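Given below, in the form of structure tokens, are the structures.
Below are two complexes that have chain A in common, paired first with chain B and then with chain C.
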Partner chain A sequence: MTDAYQLITDYLHDRFDVSPAEITEHTTFDALGLDSLDLAEIAVILRKAHGLELDGVRAASTLREAACRLDEARSGGTPA
Partner chain B sequence: MYRPGRPRSPFRIPVGSGSGQVRFRSAPVGSGRHEEASLIVITGATGFLGSHLLPHLLATDEPVTALVRDDPRLALRRLARALAATPAGHEVLDALPSLVRLVRVDLSAPRLGLPGPVHHELAERTRQIWHCAALTAMTAEPSLLHHVNGEGTRRVLELADAAPRARLLHVSTAYVCGARQGLVHEDDLDDTAGFLNPYEASKHRAERLVRRWARSRGRAVTVFRPSVLVTDRPRPPRTPRHPLSVLGRGLRLLAEELEAADRAATVRLPGSPGSTANLVPVEYAARAMATIGAAPALATVPDGPVSTYHVVHLHDTPVPRVLEAMSHACPGLSIRLEPGRRNAGALDRKFAEATAGFHRYAACAVRFDRGRLGAATRGLSPPAPITPAYLRDALRA
Partner chain C sequence: MTTERDVAVTGLGLVTPAGIGAAATWEGLGAGRPTAATDARLTGAPVDFACAVPDFGPERWLDRRLVMRTDLFVQMALVAAQEAIDDAGLCPAEWDPARVGVVIGVSTGSTECWAPHIRSVDAGRHDEVSPFLLPRTVPNMAAAEIAIRFGARGPGFCVSTACAAGASAIVVARDLVRSGTCDIVVAGGSEAPVVPITATCFAQMGALSRRTHDPAGACRPFDGERDGFVLGEGAGVLVLERPAHARGRRAVVRARLTGCGASSDAHHFTAPHPEGRGAELAVRTALADAGLAPGDIGHVNAHGTGTVRNDLAEARALRRVFSVPSAVPPAVTSNKSVLGHALGGAGAIEAACTVLSLQHQVVPPTANHEQPDPECGLDVVTKAPRPVRMSAALANSFGFGGQNAVLLFETP
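Right, the complex of A and B next:
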């Protein structure tokens, strides 16, 4: 699993009280009970703490998709 | 999935409620009465209103079936989280899997997406249908709002059609009155003033569907029109939001931006100091609806078989009081009312986005008649006026 995935799941645990048992990489934010406002908050924290943009992630996105977006942001663009 | 006749695990049957407390007594395993009893069916049980209403419905001696969109295991977790955030929810958490049967449905599909025999069995046993599910995002795509709120209501009416013994209790909104000003009576429903957002329009259309259905079938329907449902209790993570909680979250995000830009800002909203909003504590609203639902449907009302209740606060809340609390939630932001203002600048647009459509209500001066509600809930103490401290807590939730 990537650092980005770990970053997201750690944050879900700390801020949203999500237990590891609730999570797989195919779990969606919606299935965890998070909505678009929660995602906006996560995006702000990631931007402030890590300078990363969480663009294109919606409540229906999986944690894996969100981690991929973060990895893309880290590498400076969408992989070919 | 719904399995008619499925043996139930040990459960407790609620025996009544008082002052918001729900009490339960033990019942034998696999009680035949429970198996054969008529059902209370509810949509939207995992939502803000539904989760406050559910403990009251469980306080009857009838089994409750919640129609949910998720896989039942997931829905049960969602429901447990939502109930844990309500005053009476803790009372039912331990026995939740046996107290509430969860049936996965698609509210936009024919027969709710259920196999014919399952839909038939559900309808045959149903005594009450509480339709609480709705998309309440005021600025969502109109097509999505009409799909969820309109089509969802259509499918619930389909269930009611198949349930000849059932009384439908439809949750609408006081704001089906749209942009009307002045006093709105409980039987009024017209769209001549237009709507402030597509949410209002979608709920108006849904209520029209319900009324038309009731008249054409001669069926008793209770329509609840709550105003803005709020609470000042803290909101645990991953639980349903209320409109002021949405507003507060948007303001905090806006505050982050202002802080990052190191500047103060002033937003000017079209409105006047005399504008009011009707905010009603959800705890009171749920209790009032449950009280009305527990009484027989009104036999004769001016609007045929439909009895409508404005589930609203006795006292309107001045909009300037709300704005003051909003400024408190967003340091650096000053909010001013300017009568007749039309042209919005960039910050006004950002504010409108952050507050999810609230700005349109700054010019609102509508009042809601609550005569029928008052008569039907004489035993309930109306809530205290909404204070600045209440608003600050509600925005913080």
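Right, the complex of A and C next:
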């Protein structure tokens, strides 16, 4: 997967104590026990540290979907 | 439900600058060594020393997600609560959650956490404000996170009476048990005020000792050379229980909480009433509540901050109640001389230390009490722990705004 995917999984591990064994592209945030407030926190961290917007990602989104959104944001694409 | 007036203390938990756990704290108090030292967190502040909890390392006790969403005062409360619940021999999976309450006193709560977020807002970067900021910093989160972690679904409160908060929380908890509302209440106080803004505020008020050249000698309760208090941090938690409930599960009762006295000076927003009017009322109320006379009290765990005004007002109140010098005066000590002042945590930490004194029949010394202030005129324990035969002891706590709480414990 992309750098964006790595970025997200790193934060999940470092900040949210998610074990790497639990993380796959198809895992949803929900399944990892993260809720909308946690996602809002991740969005703030990504915005401050990398200037990236995590728009349109919900607790039911998979990590792959979130990484795609970040890649779109990074490439200046317009998310749907 | 039959109610009993007394409340059993069946568990203690402490996180203090003398160490993590009741045993480490008791040992540190017995040694009488002040824990005050220059603190890197206060570099540049007008007073740059404090009493810090050594090597707290929240990740040792709590998972990283919980650490990330909580402030230090919540983390220390959780660790103290765990020890108290274990010490009481309670298994949260087996208790009736609706009958268990949590009351934790907090004074300032988190203060420094807000700074970067306020700067973001000032710069128009509102989208950088953490959604965790409010839930991380509001003072009620100590009690809330304890309830969440241990599954306590009865009443949950944060009591905020400044430096008396930890003791006031125990007063509220006692009433929940005595009234039959709860079988068990996890009660105490917590504070993590060793941050530049809080230290600076207290320094600007003139409340902190300025002995930056001698931090260990800075807190001098009831000493003629005292010049202010020393910031501390930590948490104290007691498990209070209906005596019949404790008997039913054959719990070890460490002490009985038989009297509480809460009062207000109704005088000034920071200074105590110069004659200790509110303090005296709280002590007399606690004695009456327990049905005891002043002569029954063998030990007073004083508020004893080491400020000129507090110590004099407290001493005057105690001298009137105990008719010093005509009666046999109680042995007085101030744990703050060793642990510093943990604000909302202090009253609960000192309540736990008072229970330990009753259990051990020993009063730990007041550090730095070298030239007794003749105007105070109390029997202060100095230099070494003093064995005292006693069946009852008081713990005093007085907060800014003149809000006072006195707890009276008796041997089981």
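Definition applied: the second predicted complex is superposed on the first by the 77 of 80 C-alpha atoms of A that agree within 3 Å, B and C clash if a C-alpha of one lies under 4 Å from a C-alpha of the other, contacts with A are read in each partner's own complex, and residues count from 1 in each chain.
Rule of thumb we're sticking to: a residue touches a chain if its C-beta (ideal position, glycine included) is under 8 Å from a C-beta of that chain, and two chains touch if they have at least 3 such contacts.
Bear in mind that the values here come from a model prediction, so they are computed numbers and not experimental data.
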After lining both complexes up on chain A, report clash or fit for chain B versus chain C.
clash
A:Ala49 contacts which: chain B (first), chain C (second), both, neither?
neither
For A:Glu41, using the defined touch cut-off, is the partner it touches chain B, chain C, both, or neither? Pick first, second, both or neither.
both
After superposition on the shared chain, which partner residues are touched by A:Phe16: those of chain B (first), chain C (second), both, or neither?
both
Touching A:Ala60 in the superposition: chain B (first), chain C (second), both, neither?
neither
More chain A residues in contact - chain B or chain C
B
Steric overlap of chain B with chain C in the superposed model, located at which of 25-33, 295-303 or 385-393
385-393
Between chain B and chain C, which residues of chain A are contacted by each of them?
15-17, 33, 37, 40-41, 44, 48
As the complex stands, chain A meets chain B at residues 15-18, 22, 31-35, 37-38, 40-41, 44, 48
Could you please specify the touching residues of chain A with respect to chain C in the complex?
14-17, 33, 37, 40-41, 44, 47-48
For chain C, which residues count as touching chain A in their complex?
63-65, 68, 127-132, 135
Could you pull out which chain B residues touch chain A in their complex?
70, 74, 77-78, 81, 236-239, 241, 246, 249-250, 253, 256
